[in-house]
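Take a look at the structures listed below.
First chain A sits with chain B, and in the next complex the same chain sits with chain C.
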Partner chain A sequence: MGSRASTLLREEEIEEIKKETGFSHSQITRLYSRFTSLDKGENGTLSREDFQRIPELAINPLGDRIINAFFPEGEDQVNFRGFMRTLAHFRPIEDNEKNKDPSGTEPLNSRNNKLLFAFRLYDLDRDDKISRDELLQVLRMMVGVNISDEQLGSIADRTIQEADQNGDNSISFSEFIKVLEKVDVEQKMSIRFLH
Partner chain B sequence: MPLGSLSPDLVGVSRRVSLQRGFLILCALVVLLLFEAVVPLGASSSPNTTSGKHGSNRTKKPFPVLSFDYSHVRMPFEISLWVLLASLMKLGFHLIPRLSSIVPESCLLIVVGLLVGGLMRVVGEDPPVLDSNLFFLCLLPPIILDAGYFLPMRPFSENLGTILMFAVVGTLWNSFFMGGLLYGVCQIQGTNLSEVTLLPCLLFGAIISAVDPVAVLAVFEEIHINELLHILVFGESLLNDAVTVVLYHLFEEYAGIGSVTVLDVFLGVVSFLVVALGGVLVGAFYGILSAFTSRFTSHTRVIEPLFVFVYSYMAYLSAEVFHLSGIMALIACGAVMRPYVEANISHKSHTTIKYFLKMWSSVSETLIFIFLGVSTVAGPHSWNWTFVTVTIVLCLVSRVLGVVGLTYVINKFRIVKLTTKDQFIVAYGGLRGAIAFSLGYLLDAQEFPMRTMFVTAIITVIFFTVFVQGMTIRPLVDLLAVKKKQETKRSINEEIHTQFLDHLLTGIEDICGHYGHHHWKDKLNRFNKKYVKKCLIAGERSKEPQLIAFYHKMEMKQAIELVESGGGVKLPSAVPSTVSMQNIQPKKPLPDRAIPKISKGREEEIRKILRNNLQKTRQRLRSYNRHTLVADPYEDGWNELLIKRQKLMQMEKKMSNYLTVPAAPPDSPTLSRARLASDPQAYSSKPASGDLPTIKVDLASPQSPDSMNLVDEFQKTAALQKDDDDGGLVMKVPPEDKEEEQKGEQDSKKEQQQRLMRCLSDPGPGGDDEDEPFLP
Partner chain C sequence: DCIMDESWELTLTLFKAWFSAVVTVIMLPAMFGVSLGITEGYMKILWATLRIQREHKKQEALNTSLANGIIQRGDGSMEQEIGELRRCRPKSLAGGEFTLSDIFYFSRKGIESIVEDEVTQRFTSEELASWNLLTRTNNNFHYISLRLTVMWALGVVIRYCILLPLRITLAAIGLTWLVIGTTLVGLLPNSRVKNWLSELVHLMCYRICARGLSATIHYHNKENKPKKGGICVANHTSPIDVVILANDGCYAMVGQVHGGLMGVIQRSMVRSCPHVWFERSEMKDRHLVTKRLTDHVADKTKLPILIFPEGTCINNTSVMMFKKGSFEIGGTIYPVAIKYDPQFGDAFWNSAKYNMVSYLLRMMTSWAIVCNVWYLPPMKRQEGEDAVHFANRVKSAIARQGGLVDLSWDGGLKRAKVKDTYKEQQQKKYSSMLVGEDSSD
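After this line comes the complex of A and B, so read on.
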């Protein structure tokens, strides 16, 4: 959808977003007000600078990557639909959704999609593999500057060694899923959006 | 497993027979001990006239070669006997395989207590009752400290809201429901209970409604239930102490007067907040003190565990002085001090703390249950069918109702909802135990004439919950297919990804403007890293990121496992890379605690060398000092010394004519190992500890003190102190023994050292740049 100049949210839009993401009416309006408060340019879309203006995000080691995740490939602006679509990954999985029929498209906040979102944050070049370098980059961001490269390298090697099953020296998505099977991803990757 | 030609049946039978024989011997021993205990109890009633004053009418008796004087050791003797009895019983249960899998230990111990009490009755002695002072001041703290120190913080803090709801609201509901309904029942005609007024009933309700941590621990320990349920029930049992304390004091105060006004209720609420928060604050204060103290213990490693124990106990006692919640103080103290203390203390102290806590809490638990049994036989009982049965029924009903009702409310706020199965286990796991008994026993007989009835009822409820619920919970868990605890250790992948997700979620929360769980946790972590860690953790460890600490721990564990399983020796192929990793620190001084990464083959080879040489050095040990620790290859300094050895070898290759670079003497790894034994952060300059009572044993070391300075310089410390290596260690291992294979190099070393000593006074090129790595 192209960027819209209007700042009001229309009912049909709310309905569409509801269907696509599963958020409730009140959650959508609440997040819309947050969206508009971030949107300093008042043009109905957010740019990277708008995100970077959030102070806590600046000190977050993964801040840049998270911001990038909101923007679809190659674009510099994200509208409200895109904003909601990304946030939908973090909606808690409800019990009634667990038993939905598998014939429909998978909801955005299914366990698989949550893990895919996280995987994409590691895998910047989108080759469906987390290579040693990509892992090193993430480790370096999380650990800071005090630790030597070699040390991080050995940690990265160890990590890949633990996870890698097909011997290609990188972590594929299925290996990633397997490694995290003990972690309660449904809980860890969910935010309780207040009603 | 068939042994050779024996058939499996025969083996099984013979094993059973030997086990049974063993148990019989154990029983005989116990009976013997009991008689030994009981007989002196009778004998001691007659005062013992010991060595006398010089009376004028003393007649001359032959000098007593052997005399019997029991009374002056009586108290410790009896205590030791009880502890011995408890431990032997524990031992015995685990020798009988079938029994320990059916009946939980707590039940068996109560039965043993009953038997012992009965035995003492039979002999004519009065069985002792579980003294409340003894219980609250001596037996309970170790268990709580053990629980608090090893409390898994992550699931606890994630579920804190739920736990608090159950602990506070649940306990309040239980006490008032039970108290109120009991009062109603008492008022019914025909039960001759009408003298039990409302307030004593409410007091009884308060006492009986608290879930007991000791009993919960004892039972849940054996069923290995999943982490969430375990932490829910256990956390509830710990945190409801505050509620119990307040309610108990409130009702006890006003039961005599007979009425409670609104003001009293309001004061009670305020009191609850004060008790809970005050207890936590007191505990946190002592925890921080303890963490701060542990920062300076690098020279006196032997007493490190003592600080942990004493500070925690002081926290408990201080809280008890003000009638605050001692349990919460203890939990807060243990939880607050743990991350900092563990970063500061040596590996050995860590093990000591862990095992001492486990030992004490185990003995305490055993003693508590045995005493419960004995007290049952001892105490005056007043059985009232109505009261007791109504109590038991109400306990169950109120617990179930409380859990179900609370879960309904809680699930609205939880991401992972509690299922019906979970609720059932939480309700069923609400065991009562010795705390209720002790509180009941503390009641004043004057003010509460129905005290004996209360105590009887309490004991019955305890027996019911421990026996019936304790025994049936295991098969029920299996029947309902409740998720069990996952036994596998955390892998590095999980650690990395969990941290990654933490950051991710914090970021998303910030984008949404939602100040949730992750946001505050992140803030706390940041505050911790920036300010608190700097104060409380010694040296460079304060800057160590959590991931690195985790990785280091994991590697250590693996290395130790490798040794214990006798790993094979492989020749290293990657020595340069592993060595260079330590040396190349861009623009930063070498961290005091160099984090090692050595290929496993290298580890093995070096371990082998250490093992061989250590045997020899033990023989050469000339003197021994109680105050310092003997060097040990498995002490956490050994990996540093391994790095150092590699560095040495590298340097030897490269510096044949590089005079200004000091050649570290070949025995430096040994010496530094010896030093490191008392201080793993050996790379930092140690102040001369002249007040330490050490005996220096200098075993003909060819090294003069000057060469020690080489080592220091080599280690890039700023302050060169001549007496640096004297502090903290006794034994100087003779260098000749260790470096037999480097004998040839020693001569060339000596020459270089002489050259070096000349160079020291005359700094050559590059001698002042400490940070420059030796390897290009």
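After this line comes the complex of A and C, so read on.
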């Protein structure tokens, strides 16, 4: 009996996603199941509203920023490939031992790419720099109404001072990496996917 | 022409004879609570076929993993996780604890909830570990073998051409008898006889309806059955819950007044014994609702009221937040746990996907409805306990007995957005990690 979903996942697609993201066959089919269950419009793509319907995500202070990470610049719909590509950032790095990509391109879940994901959560206008303003906005999302503007401002100033090395009063990606070099990114930005 | 008429008449007569024989054989015993063993025999056949099917089918590894979920979620608290993140940071600056890595905690939690969350999965039918030959549950199972296809096709014929007409007839008879019977009893003056007759009529009709669904119900701990003047609360999976519970006892129903067929049934039921029906406008007035229920409960001669505090249908894998209204009335609460076995039919009513008619159709074309009902020991509100706490206590007891996940999320999230207060709680918690307890403003 075939599946009733109108957009069935073909074997070739699964193989392509496997190569690109490193997920196993069964993980991909299960995540596809999840994708279709979120897709209320049943048109093969997810909109921002589809994500916001998840209560645990809606109460996450950075929920909107995380949802935004799935959508490429200027687009309002994400398909399954894009969905998987973003989730792939959170695969544990140890899982890479089995499928080493011969072409040598950096896997999506490398330490660098995980840090890039986090960097982009701060970088609101996608100009590859975290300005004081952007940092303030993200901080405001995280603390709500509980901290005054002045206090938040001084926290932002301190953070930029600590990280900024070339004096442009903003944090570039390489400065970001330097500040977090001792952090166990591999563990903290990974999710254990079961097989 | 003449021959056509004759053969048509013959078929009709045979059909009528067969139908009345079968219906009488099933209906009459049902009315008197006597079992002829037909349903039991049918269930045994079903179990046997399922076992045969499983032995011959290739079991994919998918089956076992379905029970586990897609990911293993981190279980550290906000303080724990962010604390660990911050320990890696060079301690050079005085005051203020923020580090850029704080964001890792929120992003991981967010992605985890996108992959798998506790709430949205409760509003769709439970996934089965192995296929039960109903087309509708075939999400992850594709074409497997010719043998299975043949069995499935046979199943379709049996379910739609034999079982469905039979069940519709039984349901029709059951409901018609309910309306007629209760109206007749309603004509009697109030007396012990009237009450006894009313209970008899109700029981008979619900038993016929249960047969109309091929329902097999196991009642446990009958010594805890709800008594008059009490309040029976149960977890809610479908409108069928009412039939399931009313097969073993008489309850005063609580609900909104409907139009159409439902309204006819409601109006006639209330003639023979008091039920509590609310107009739509009255439902909004919480004080009015509480008052009417309190009055009913205070009268110890009236039947126990039946309430589903979740307020909406959940898919029977969890119990969601109990609305505190029923727990403010006072009186004794009789908790009941209902757990359906999804193997032979999915009882959950996904009201977003199916309306009542299609839902009933699905019910009547399933193999059978199998469920367990546990009557739990009565509970009372303790001194100084508030209604919310009491409601949670009852909810936990029901969840534990039924083997269901105990959630505090509101079932209303099926349609409504989550309240901002939860997000504000998270923000408050994080703020105290930034500047300590003495944050200004």
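In the analysis below, the second predicted complex is superposed on the first by the 180 of 195 C-alpha atoms of A that agree within 3 Å, B and C clash if a C-alpha of one lies under 4 Å from a C-alpha of the other, contacts with A are read in each partner's own complex, and residues count from 1 in each chain.
As a working rule, a residue touches a chain if its C-beta (ideal position, glycine included) is under 8 Å from a C-beta of that chain, and two chains touch if they have at least 3 such contacts.
These numbers come from a predicted model, not from an experiment.
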Fit or clash between chain C and chain B when superposed on chain A: clash
Chain B versus chain C as contact partner of A:E162, first or second or both or neither: both
Partner touching more residues of chain A, whether chain B or chain C: C
Chain B versus chain C as contact partner of A:R192, first or second or both or neither: both
Partner chain in contact with A:S26 - chain B first, chain C second, else both or neither: second
Partner chain(s) touched by A:P92 [first = chain B, second = chain C, both, neither]: first
Partner chain in contact with A:N60 - chain B first, chain C second, else both or neither: both
Stretch of chain B penetrating chain C in the combined three-chain arrangement, among 6-14, 510-518 or 708-716: 510-518
On chain A, the residue positions that both chain B and chain C contact, one per complex: 31, 34, 37-38, 51, 54, 56-57, 59-63, 66, 87, 90, 118, 121-122, 138-139, 142-144, 146-148, 151, 154-155, 158-159, 162-163, 179-180, 182-185, 188-194
Residues of chain A touching chain C in the complex: 1-5, 26-27, 29-31, 33-34, 37-38, 51-63, 66, 87, 90, 117-118, 121-122, 138-139, 142-148, 151, 154-155, 158-159, 162-163, 171, 176, 179-180, 182-185, 188-195
Chain A - residues contacting chain B, complex: 31, 34, 37-38, 51, 54, 56-57, 59-63, 66, 87, 90, 92, 95, 118, 121-122, 138-139, 142-144, 146-148, 150-151, 154-155, 158-159, 162-163, 179-180, 182-194
In the complex with chain A, residue positions of chain C that touch it: 61-62, 65, 68-72, 74, 81, 84-85, 88-90, 92-93, 96, 98-121, 124, 135, 138-144, 149, 152, 409, 413, 417-418, 422-428, 430-432, 434-435, 439-441
Residue ranges of chain B in contact with chain A within the complex: 413, 415-417, 486, 488, 491-494, 496-501, 503-514, 516, 518-519, 522, 526, 543, 545, 547-548, 551, 577, 580-581, 584-586, 588, 591, 595, 597
